[in-house]
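In this document, chain identifiers A, B, C, D and E correspond to the written order of the chains, with residue numbering beginning at 1 in each.
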Amino acid sequence: ASGPALSSSAPLPSSLPTGTSLSVASALGAQQLQLQLSGLIRQIPFTVSSWPNIAAGPDVINAFRAHSLDLANNAGIPPIQAHYQGYDARIVALDLTRKPSYLFATKPHSDIRTVAQFAGRRLAFSQGQAQGVVLLRALHAAGLKDSDVQLVPLTSDQFLTALEAGQVDIAPLAISQALAYLNRYAADGAHTIDTAVVDLLNLLWAPAEVLADADKAAAVAAFVPIWAKGLVWVYENPSVWEQEYYVKTQNISLAQAQQVTALSNKPLLPPSWDEAIAWEQQTIDLLAQGGYVKSFRAETLFDRRFEHLAAAAVPVEYRS
Amino acid sequence: MPAPAPATTPVSVARGGPTGRPRTRRLAPGPRRPYARLLGPLLLLAVWAGASGAGLLDPRVLPAPWTVLHTGAHLWTGGTLRTDLATSLWRAAQGFAIGLAAGVVLALAAGLSRTGEALIDGTVQVNRAVPTLGLIPLFILWLGIGETFKVVIIAIVVYIPVYLNLHAALAGIDARYVELAEVLRLSRWQFVRQVVIPGALPGFFVGLRLAVTGSWLSLVVLEQINATNGLGYLMFQAQNYGQTDVIVLGLLIYGVFGFASDSAVRLLERRVLAWRRSLSS
Amino acid sequence: MAPLTEQLKAPQPTPTPSRPAVRLTGLTRSFGARTVLDGVDLDIPAGQFVALLGHSGSGKSTLLRAVAGLDHDTAGSGELSTPERVSVVFQDSRLLPWRRVLDNVLLGTPKRDAEGRDAAGRGRAALAEVGLAGRENAWPGQLSGGEQQRAALARSLVREPELLLADEPFGALDALTRIRMHTLLRELWQRHHPSVLLVTHDVDEAAVLADRVLVLDHGRIAVDLTVDLPHPRSYRDPRLGEYRERLLAALGVRPDGEPAGGN
Amino acid sequence: MPAPAPATTPVSVARGGPTGRPRTRRLAPGPRRPYARLLGPLLLLAVWAGASGAGLLDPRVLPAPWTVLHTGAHLWTGGTLRTDLATSLWRAAQGFAIGLAAGVVLALAAGLSRTGEALIDGTVQVNRAVPTLGLIPLFILWLGIGETFKVVIIAIVVYIPVYLNLHAALAGIDARYVELAEVLRLSRWQFVRQVVIPGALPGFFVGLRLAVTGSWLSLVVLEQINATNGLGYLMFQAQNYGQTDVIVLGLLIYGVFGFASDSAVRLLERRVLAWRRSLSS
Amino acid sequence: MAPLTEQLKAPQPTPTPSRPAVRLTGLTRSFGARTVLDGVDLDIPAGQFVALLGHSGSGKSTLLRAVAGLDHDTAGSGELSTPERVSVVFQDSRLLPWRRVLDNVLLGTPKRDAEGRDAAGRGRAALAEVGLAGRENAWPGQLSGGEQQRAALARSLVREPELLLADEPFGALDALTRIRMHTLLRELWQRHHPSVLLVTHDVDEAAVLADRVLVLDHGRIAVDLTVDLPHPRSYRDPRLGEYRERLLAALGVRPDGEPAGGN
C-alpha cells in the first residue's frame, strides 16, 4: 500500500493514514526488544510489518534494494557505500558517539605503544567497515600514509583470530571485544593502544524511495522520536537491559554484560546536524584519498527535514 | 595314467573350528563390524580430552570437552539452544525436501531424454559452478530477506549433489537391464520405478549423504542474515562476543549431527541395498 | 567348413502361410567392419516352433536381438515384421538383482490380467513349474546358475507371448531338469501356440523340440530343415538320427564326435 | 500342427531407410548429441540478452551481457583480471591436487580394510559435517593467513566429495570381481590397480566433478582473507564498491569455468569408461 | 529320486595315493537353514581328471567355491587341503568389463614368467587356441556368450595351475567348438597334469573327458565312478554307453530321455 508521492523538498506530511507499515531493522533483535521493554512499542502509530535482524552495511543495502527494509540503524560508512554504489538513501536521525568505540589491540608480546609506531607494521584492515575508517583516520592523524604501513585485508570477524595467531601486529577492535581479548591475552603481553578517533555517527537511514512516499515518510518521522527515546531508555536502565537482552537472548554471562554496558555511550541527539555532516565529509575525503570511493558532497546523504525530530523528543541533557 | 605329481604344497585348512582359516587371501575387507565407525571420532575425542586435561591445549583456543559440554547444558536449560536447534532443523528440513525433489526430478528428466539433457544438464553445471554465496544478493532482491530466501538457498545447495550423483548413477545403469525393460514392454513410469531408480540407488545415496550435511552447513552462512535464532545465528553471535566455548559447541553439534544423519542414511542404504553382493557386504 | 555346409544346404522350401508371424527380408547387421548378418531372409508362420543352431559367434543372438527390436544402435538394413507381444529369454538370465525372484518374474505384468487372474498366483505357479517353488523371496544373487536360468524362463512363460525368442534357455541345466523344461515348453506351446525361435547348441534338443531347424552360418541361414515327426518325440527315436546327423554335419561335426574335414 | 493363428498385428518396420524405425519402444535416451549440453546455458544467455536489450532489466541489478563483456575486456587488457585469474587458478590447482590425493588415499584405506574404515570413515563424516567456514579461525591459528592456509582449506573442500564418492563406489564393486581377483592371486596392489580403481571410476568421476568446482568456489570466501588478488578478491572488492558489472563478470567466469571443467572431466570420463554399456552410452 | 541314486551308488573304492592333491573331509556348507553340502568327503589324487555332475542347485558350484577358498562368509565346517596354484573357470565367464580381452586373459600374470616367456605372447596364443584370434582388443561386452566363455577358459589355461576348477566351462558352446575345447583341455592336461575338477551337465562330456565321474546329490557324493578307458575316446565308443547310462540313471533320466520313476 503506497501513499501519494512526496517531493524531497516538500515539507513532511503531518497526517499518518492507518494501515501504513514499515519494516524496521532490529540488529540481533535489540531494537524490537528495547521498545518492548520500555513500552515505547505501544506508541508506534503505524504497523511494523517486520523487524529483520540486519546489521552489516552491505546486508542493509541489499535489503533496501530488495524492498525488504524501510529503516535501518548503522554507522557513518554504509550510507557512503550506498551512495558510491549508486543507491539513493538518506539519513533521517543521528546520535553522536563522543567516546571512542574502538581500540587498537596488539598481538601478544608486542612492543608497539603508539600509533606512530605503526609504520612498517602489519595492520588488520577491513575497508568497507567502520574499523577500516577508524584505522585510516588514526593513521592520518599520526601523519602516516597508507603506504607507510602494511594493510592486511581481512574481514572484521577475523581480526581476533588474526591477532591471536600473531598474523597481524595491530587490529582495531570494538571496545567490548578488546576487553574480552585482554582478559585472555594480557598475560601474554597483549595490550591496547587508545585512540582519540571516534566513530561519531550512529544513525537511522532510509531509502529515498521510502521517503518519497508521503505515508511512509510520515511513519518514519513518527518513528524517529520513539527511536531516540529508546536509546535513552536503555542508557537509563542498564540492569534491565543486561538481564533481558544480553543474558537471556545473547547467551552471555551477566558479568560480561555489565562490562559491555559500562562502556556504552550516553545518547547524544544534537538539534543541529552540521557537525555530523562535516564529519561525514571528512570520512568521504579520507576514503577518496585512499582511492576507495569517489569524492562527493556529504550534504546529499542527509534529509534535513528530519533534523529536529530526535532532539525534540528527549530531555535537554541528551541534546548536547 | 597317474602322472608324475607336481610339487604341490598342500595347506591344511580346518574350517569352523577356532583355528580354521580359508587359504585364499581375502581381498575384500571382511565382515562388517558394527559401531566400528565410532572408533575414529571417539579417538579424536579422547585425544582432545587428554590434551585438555594435560594442559596442552590453550583453552582460549580450544576449550576442554567438559567446558564445552557444560556450556551446552547451560544453554540447553537456560539459554536459547533448544529453540536454535529446532529452528535450524526446520529450515534445513524444508530446504532439504525441496532440493531433494528438485534434484531427483531434474536428474530423471536429464538422464532419460536427450532433450531434457540438452536443456537441463548444462544449465545445472553452470549453476553449480556459480558460488551460491555470490548469488545471495540476487536472491535477496528476488525473494526478500525472509525465510523463503533461506529455504531456496538451502534447496540449491541440496539439489546439486543429488542431481549430480543421481544423474551419473542412472547414466551408468547397465544397458542389459534397459533392454530387458524394453522387451518386457515396461511403460516409462514402470521403467523409472522398477529399473532406473533401484539401479541408481547406490549413487543416489551418496548424493543424499552430501545433501544432508550440505543443507545443515549452509545455515552457518544463511543464519547470519536476518535470523534471530538458529544454530548458525548462535555461532555468529558467539563470534561477536568471543565465546570460544559456544563456537566449539556449535562445531560439536554439527559433528554429531553429521555423523548421526550419515549413519541414518547408511542404515537405510544397507536395508534398501540388501540385494547387493559387493566389496563391502 | 563353409563349402561343406553350403553343399548340405537343405533345398526343402519352407511352407509359407498367407501371413507369417515373423518376416525378415534382407536383414543385415554389422559391428564395425564385421558383418554378422548378411542378408537373412526368414519367414516364421504363426505358431511354428523353430530351433536355431550355429557356431559360437555366428550371430544367433544378434538375430534374436534384431527380431526383438533391441538393436537400436547396430548398423544394418532390411525389413522386419513381428507380432506385438514378444517375449525374450536372454542368453544371460538377466534378472534384476534388486528384485526378488517372484518380483522379477512378475516384472511389468499388471496385478490382475485381462481375465482377472491374480498375477502373483500365476508367478508362483510358473516358479513351481520350473522347480523353484519356495524360492520366491530369494534374491537373484542367491540362486545357482541353473536356477537363475529357470527363473528367467518362468518370467517369459507367465507372459503368454505371440512370439517367444529364447537364447539357449537350457544351457545351464542338467539332463533331468532340461527334460522337464522341454516338457514345460512344449506344453506352453500346445496351450497358446506362440511362434517360437529357440537358440540352442544341443542338436538333439533341436530335433526333439522343433518343427523346423535352422543353421546360421556366415551371416545367412545355411540349413533350413523341417522335422516332420509327431510329438512327443523320444530321444531314442531312430528317425531322429538322420536329422541329427545332417545338423551335426552342417555344424562341422562327424557323427563320431570328431571335427569333420580335418582342421 | 499349424495352430489357429493368434490375432497378431504385424508391424512392418523398415530399417536403414529414412522411414525405418525399430518397433520396440526405446527407453534409453537415444544416441548422444554432441554439444547439446550447451543449449541450456545458451538459452539462458539469450534470455538475459533479450531482456537487457528490451530494457526489462535494471542495469544496476543485472547489467546487459555486452556491458559485462566490455568490462571483462577492459579488465583483461588494462586491469588485473589476468593476474587475478592466474592466481586463483594456481591456488585452486594446488589445493585440488592435495585434496584429490588425500581423498583417494583415505577412500582406499577406508574401503579396503575394516581397520581403516573404523579409524577413517567416521572421522571423515564428522569432519565433513563441520562447517569449514567455522574452522577458518582454527586454521588461521595453526597455519597463519598466508597461502598455506588457503591451500589447506581448498584441499579440505576437495577431499570430501572425492572421498565420499570413491569410498561408496568401491564399496559397491561387484563381489564377483573380488572373488576373481582372489582366485587369480592378485596382490593387494594389483587388486587396487586393476579391479578396485577401474571398477570405482564411474563413482569417482562424480566426486571429481564436485571437487573441481568446489576448489574454485571456496576461493570466493578465502580470497577475502589477506588476499590482494584472485577472482574472489576481485568480486569482494566489486561488492564493496557496488560494481555490479564486475560481480556479474565474476559469476560469468565461474559459470564458464565450471561448465568447461565439467565438460573436460566428462570427456575424460567418456574415454576412460569406453567399455561401459549403460543407459547413457 | 533319492532312493534311486542311493541304490546306484558305486561301491568302487577310489585308488588313493599317499598324498592327494585335494582332500575334503566332512565338508559342510549351508545357506541359512538350507544345508547344501552335508559332509562331503573327497580325495583327488594329483593329476586326476574328475568330472562332477549333479542337478541344478545340487551344490556343485558351492563345492567348487569351497575348494577354491572363496566362501569366506558361508557357514560350514570341515577340513580342506588343496595345492597352492589353483585356477578357476567360473560358471559365469566373469571377465572384467573394463579390460580388453587380452588384458583379461593376462590379469595378474607377470610380464615375463619364470622361464622368461613373454606373457602377452602366451595370452595371444591361448586366445588363438580358443578361437579368439583377432579379438584381443575387443571389450568383453562385445563378445558373444560363447566367446566370453572361451576367453575365460583361455585365462585359466595360461596359468598352468596345479588344480583346475572349471564350472560348466563349455555350457554356451556349439557342438564343434565344444569338441575343439575338449581337445584343448585334454592337451593341456597331458602337458602339465594338473588335477582337474570339471562341473558339467553333459553326461557324454563327462564320460569322454574324465578319469573319474562324481555325482553330487543331497549334499553328498552319491556316485563315484572311475572311467577306465584309454584316451582319446570317441563319442561313438560303445563302451561309453554303460557309463552314460549309469550316470543318467543317477541323475534320474531313463536312457530314452524320459524322467525316470514317474514324477
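Here, a residue touches a chain if its C-beta (ideal position, glycine included) is under 8 Å from a C-beta of that chain, and two chains touch if they have at least 3 such contacts.
As the structure is a computational prediction, the values presented were derived from the model and not from experiment.
Visitor: Where is the C-beta contact count highest, in terms of which two chains?
Guide: B-D
Visitor: Of the other chains, whose C-alpha centre is the longest way from the centre of chain C?
Guide: The chain farthest from chain C, judged by C-alpha centres, is A.
Visitor: Based only on mean CA positions, could you tell me how far chain C sits from chain D in angstrom?
Guide: Each chain reduced to its C-alpha mean, chain C and chain D end up 46 Å apart.
Visitor: How big is the gap, in whole Å, between where the Cα atoms of chain A centre and where those of chain E centre?
Guide: Taking the mean C-alpha position of each chain, the two centres sit 86 Å apart.
Visitor: For chain A and chain B, let me know how many angstrom lie between their CA-based centres, rounded off.
Guide: 41
Visitor: Which residues belonging to chain C are in contact with no fewer than two other chains?
Guide: 68-70, 92
Visitor: Find every residue in chain A that makes contact with two or more other chains and list them.
Guide: If we look for residues of chain A contacting two or more partner chains, we find 65, 160, 164.
Visitor: Residues of chain D touching 2+ other chains?
Guide: Within chain D, the residues that touch at least two other chains are 24, 26, 28, 30-31, 61, 137, 141, 176, 181-183, 185-186, 239, 276-277.
Visitor: Which of the chains are touching one another, listed as pairs?
Guide: A-B, A-D, B-C, B-D, B-E, C-D, C-E, D-E
Visitor: Show me the residue ranges of chain A that touch chain B in the complex, using the header's touch definition.
Guide: The touching residues are 28-29, 50, 52-54, 59, 62-63, 65-69, 157, 160, 164, 176-177, 180-181, 184-185, 249-252, 256.
Visitor: Using the touch definition from the top, list the residues of chain D that touch chain B in their complex.
Guide: So the residues of chain D in touch with chain B come to 24-33, 36-41, 43-44, 61-62, 111-114, 116-131, 133-135, 137-138, 141, 161, 164-165, 168-176, 178, 181-183, 185-186, 188, 191, 196, 202-203, 205-206, 209-210, 213, 216-217, 220-221, 235, 239, 247, 250-251, 254-259, 261-263, 276-281.
Visitor: Spell out the residues on chain E that touch chain C in their complex, using ranges where they run on.
Guide: Listed in rising order, the residues of chain E that touch chain C are 1, 31, 53-58, 61, 91-92, 131, 142-147, 149-150, 167-168, 171-180, 201, 203, 208, 234-236, 248, 251-253, 255-259.
Visitor: Can you check the complex and tell me which residues of chain C touch chain B?
Guide: So the residues of chain C in touch with chain B come to 65, 68-70, 86-88, 90, 92, 94, 96-99, 107-108, 139-141, 159.
Visitor: For chain D, which residues are in contact with chain A within the complex?
Guide: Within the complex, chain D touches chain A at residues 60-61, 136-137, 140-141, 144-145, 224-228, 233, 239-242.
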